[in-house]
Amino acid sequence: MWKWLHPYANPEVAYHFTGKLIPWFNIIAALLLVVGMFMGLAYSPADYQQGETVRIFYIHVPAAILSMGLYFSMAIAGFCALVWQLKLAHAAIAAIAPIGAAFTAIALITGAAWGKPMWGTWWIWDARLTSELILLFLYLGVIALGNAFDDKNQGAKAVSVLALVGVVNLPIIHYSVEWWNTLHQGATVTKFAAPSMAMSMYIPFVICFFGFAFLAGSLICKRFQGQVLARNSLRPWVKKMALAEEH
Amino acid sequence: MNTSSSLVLTADNLSCIREERILFDELDLQFKNGDIWQIAGANGTGKTSLLRILAGLHEPENGNIKYKGTLIGQCNEEYHQDLLYLGHSPGVKAELTVLENLQFNLQLCGQNTDQCVQLLEQVDLYGFSDTLAAHLSAGQHRRIALARLWLTDARIWILDEPFTAIDKQGVKRLEQRVLEHADQGGIVILTTHQDLSLPTSRYQTLTLERVFAL
Amino acid sequence: MNPSLSYRKAFQAILSRDLTIALRHRDDIVNPLLFFIIVITLFAIGVGAMPNVLMTIAPGVIWVAALLSTLLSLERLFKNDYQDGSLEQLLLSPCPVFILVLAKIFAHWLVTSVPLILLAPLLAMMMNLHPDGYWALFLTLLLGTPILSLLGAIGVALTVALKKGGVLLSLLILPLYIPVLILATAAVDAATMNSPYQGHLAIIAALFFASLITAPFAVGAALKVSTN
């Protein structure tokens, strides 16, 4: 596998490869999101308890899942950066972090918006919301640390260490918050858990999830390209490209 | 001594980029037993970066350093036993006395601390042993750090501007010690802005030039 | 190979050096303690100092104050060593970084957390903590504060090269302290209600050992990045 992967560790190849991916990701994301949103927001049945507000689920849950998933992928990139000294992994971390933070924020905001009709208040210290909030802090820490360094490579390595430390702690934080929640509020708030989802809800949810996932992929590829350019600005291939752009 | 062990430290194809500026590129260096190397060059040409890369503190953009044929990252403990690096800052604690500072420096490398007072004599700090380092001058701080040179078992010395803030007499004694060490088969790599007063046949100079981006 | 190099000796050398430095800089020990006391006083004044209210919030307030005062003292852990160049010397010593880091963290814990643990019963009294909670508070602090030092050291090591690392440090580290905070306050709460809290302590102990084994590696990696 290493032999197959190796050519992609060249920044120039990776730059053009991700460039080719972006339009495909865009098309797939647009298709899936249009279909999924239409099915979810218009066609799927309203919940017999929650009514129409349940439809926020089609945005909230994909965003929440992606926010966690992106943190893990960032940690994997951090691992590659530390162990194999992959310079491209540095660019990947810097590309993923703000997108992950954005999805975390979306999950938080939609969660709060969902909470207003359900609980009558914008914020409740529900286990999932609290976990998302802490995840947002972790993301912001990663971004702030990366920005604090003048030297990009040094910053990227520091961020790699932090992302790995964070990913080890994430499950511990998650379970301790969940346990804390049951301790203090009792098991009353299970509205997000949707124990057995009807097929009519499940299919639009899956479509929406993949739509958001491809959207995230496209955004990350775009940011990744920018990061690769910024980190290789001294290389001849970047200069050649910049010159070609000018003419 | 066979040839393989006389090539103690080698650097292949080193390049260093700092703050988007190429400091040096494709540098190949070989350090043999008995060598004294002076790294020269104007400010900002990467002298300190080169020394830090050789010591393993700074990661080069490209290339690698081998100690006795092994990458230094893979023989940390062995390499650090054989290495004495003195950087820009002398690493002297203001809150500790001169003697405590020296003792700690020696303990950290597993050296015996019985002869500390004699060592202080070597660097003209005799009688200061119980003074807090906070009350001493920059030159005296450097002397505390340098005192280790008279006891160490380390063969490879990497000294970044060792003569800064040292008086003439001290410089002379230090050069003497450097020569002595090389004569015993050690390697000394140092940067300095002054000319060394050692016999020119005895040391090599590597001058780093400013590299401009392609 | 140098026969006189032993890990134990290196550990002791660093420990005694750091303790000597701390004892010659006594305000560094005293200031975080004063901060600890003042935060608790502010809480009592802020919430109105009704005995019942104080009693319910006591474990949380004491623990949050302990957490913040630990954070305040953390920066000292590597900052001075970084500035005067002795951190490089530590990293270049033949001894594994793991041992050096552990010695430094242990010294830090001895001078900052131990006085805090000793002071805690007094503040618990001021916060009107239920008498059944004292022993639990002591035990959770004893097991929990080393975790704070160990995790905090990672953050300090990451930010030591930065000029304005202080605020950033709290952003990096405080989220990681949440599990300890949750478990410790839950244990004290359980104790005041006369229910068993050994389970909580066991999990805190598990977290302690896990961070004892893993954190020094992360600190070592972070220090190498920072001195790069």
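Chains: A, B and C, in written order; residue numbering restarts at 1 for each.
What we mean here is this: contacts are C-beta pairs under 8 Å (C-beta built on N, C-alpha and C of every residue); 3 or more make two chains touch, one makes a residue touch a chain.
According to UniProt, the chain labels map to these proteins: A = Heme exporter protein C; B = Cytochrome c biogenesis heme-transporting ATPase CcmA; C = Heme exporter protein B.
Here the structure is a predicted model, which is why all the values come from computation and not from measurement.
Novice: Grab the C-alpha centre of each chain and report whichever is closest to the global C-alpha centre.
Specialist: C
Novice: Consider the two chain pairs B-C and A-B; indicate the one with the greater count of contacting C-beta pairs.
Specialist: The comparison resolves to B-C.
Novice: Return the chain whose centre of C-alpha atoms lies at maximal distance from the corresponding centre of chain B.
Specialist: A
Novice: How big is the gap, in whole Å, between where the Cα atoms of chain A (Heme exporter protein C) centre and where those of chain C (Heme exporter protein B) centre?
Specialist: 32
Novice: Cα centroid separation between chain A (Heme exporter protein C) and chain B, in whole Å?
Specialist: Comparing mean C-alpha positions, chain B is 47 Å from chain A (Heme exporter protein C).
Novice: Rounded to the nearest whole Å, what is the centre-to-centre distance of chain B and chain C (Heme exporter protein B), using the mean of the C-alpha atoms as each centre?
Specialist: 36
Novice: Two-or-more-chain contact residues of chain B, please, as numbers and ranges.
Specialist: Within chain B, the residues that touch at least two other chains are 59.
Novice: Can you pull out the residues of chain C (Heme exporter protein B) that are in contact with at least two other chains?
Specialist: As it turns out, chain C (Heme exporter protein B) has residues touching two or more other chains at 228.
Novice: If we count contacts the way the header does, which residues on chain A (Heme exporter protein C) are in touch with chain C (Heme exporter protein B) in the complex?
Specialist: 82, 134, 137-138, 140-141, 144-145, 148-149, 154, 157-158, 161-162, 164-166, 168-169, 172-173, 176-177, 179-180, 183
Novice: In the complex of these two chains, what residues of chain B are touching chain A (Heme exporter protein C)?
Specialist: 17-20, 22, 59, 213-214
Novice: Show me the residue ranges of chain C (Heme exporter protein B) that touch chain A (Heme exporter protein C) in the complex, using the header's touch definition.
Specialist: 151, 154, 158-159, 161-162, 164-165, 168, 171-172, 174-176, 178-179, 182-183, 186, 207, 214, 218, 221-222, 225-226, 228
Novice: Of all residues in chain B, which touch chain C (Heme exporter protein B) in the complex?
Specialist: Residues 55-59, 76-78, 80-81, 83, 85, 87-96, 100, 104-105, 107-112, 153 of chain B touch chain C (Heme exporter protein B) in their complex.
Novice: Which of the residues in chain A (Heme exporter protein C) end up touching chain B in this complex?
Specialist: 85, 150-151, 233-234, 236
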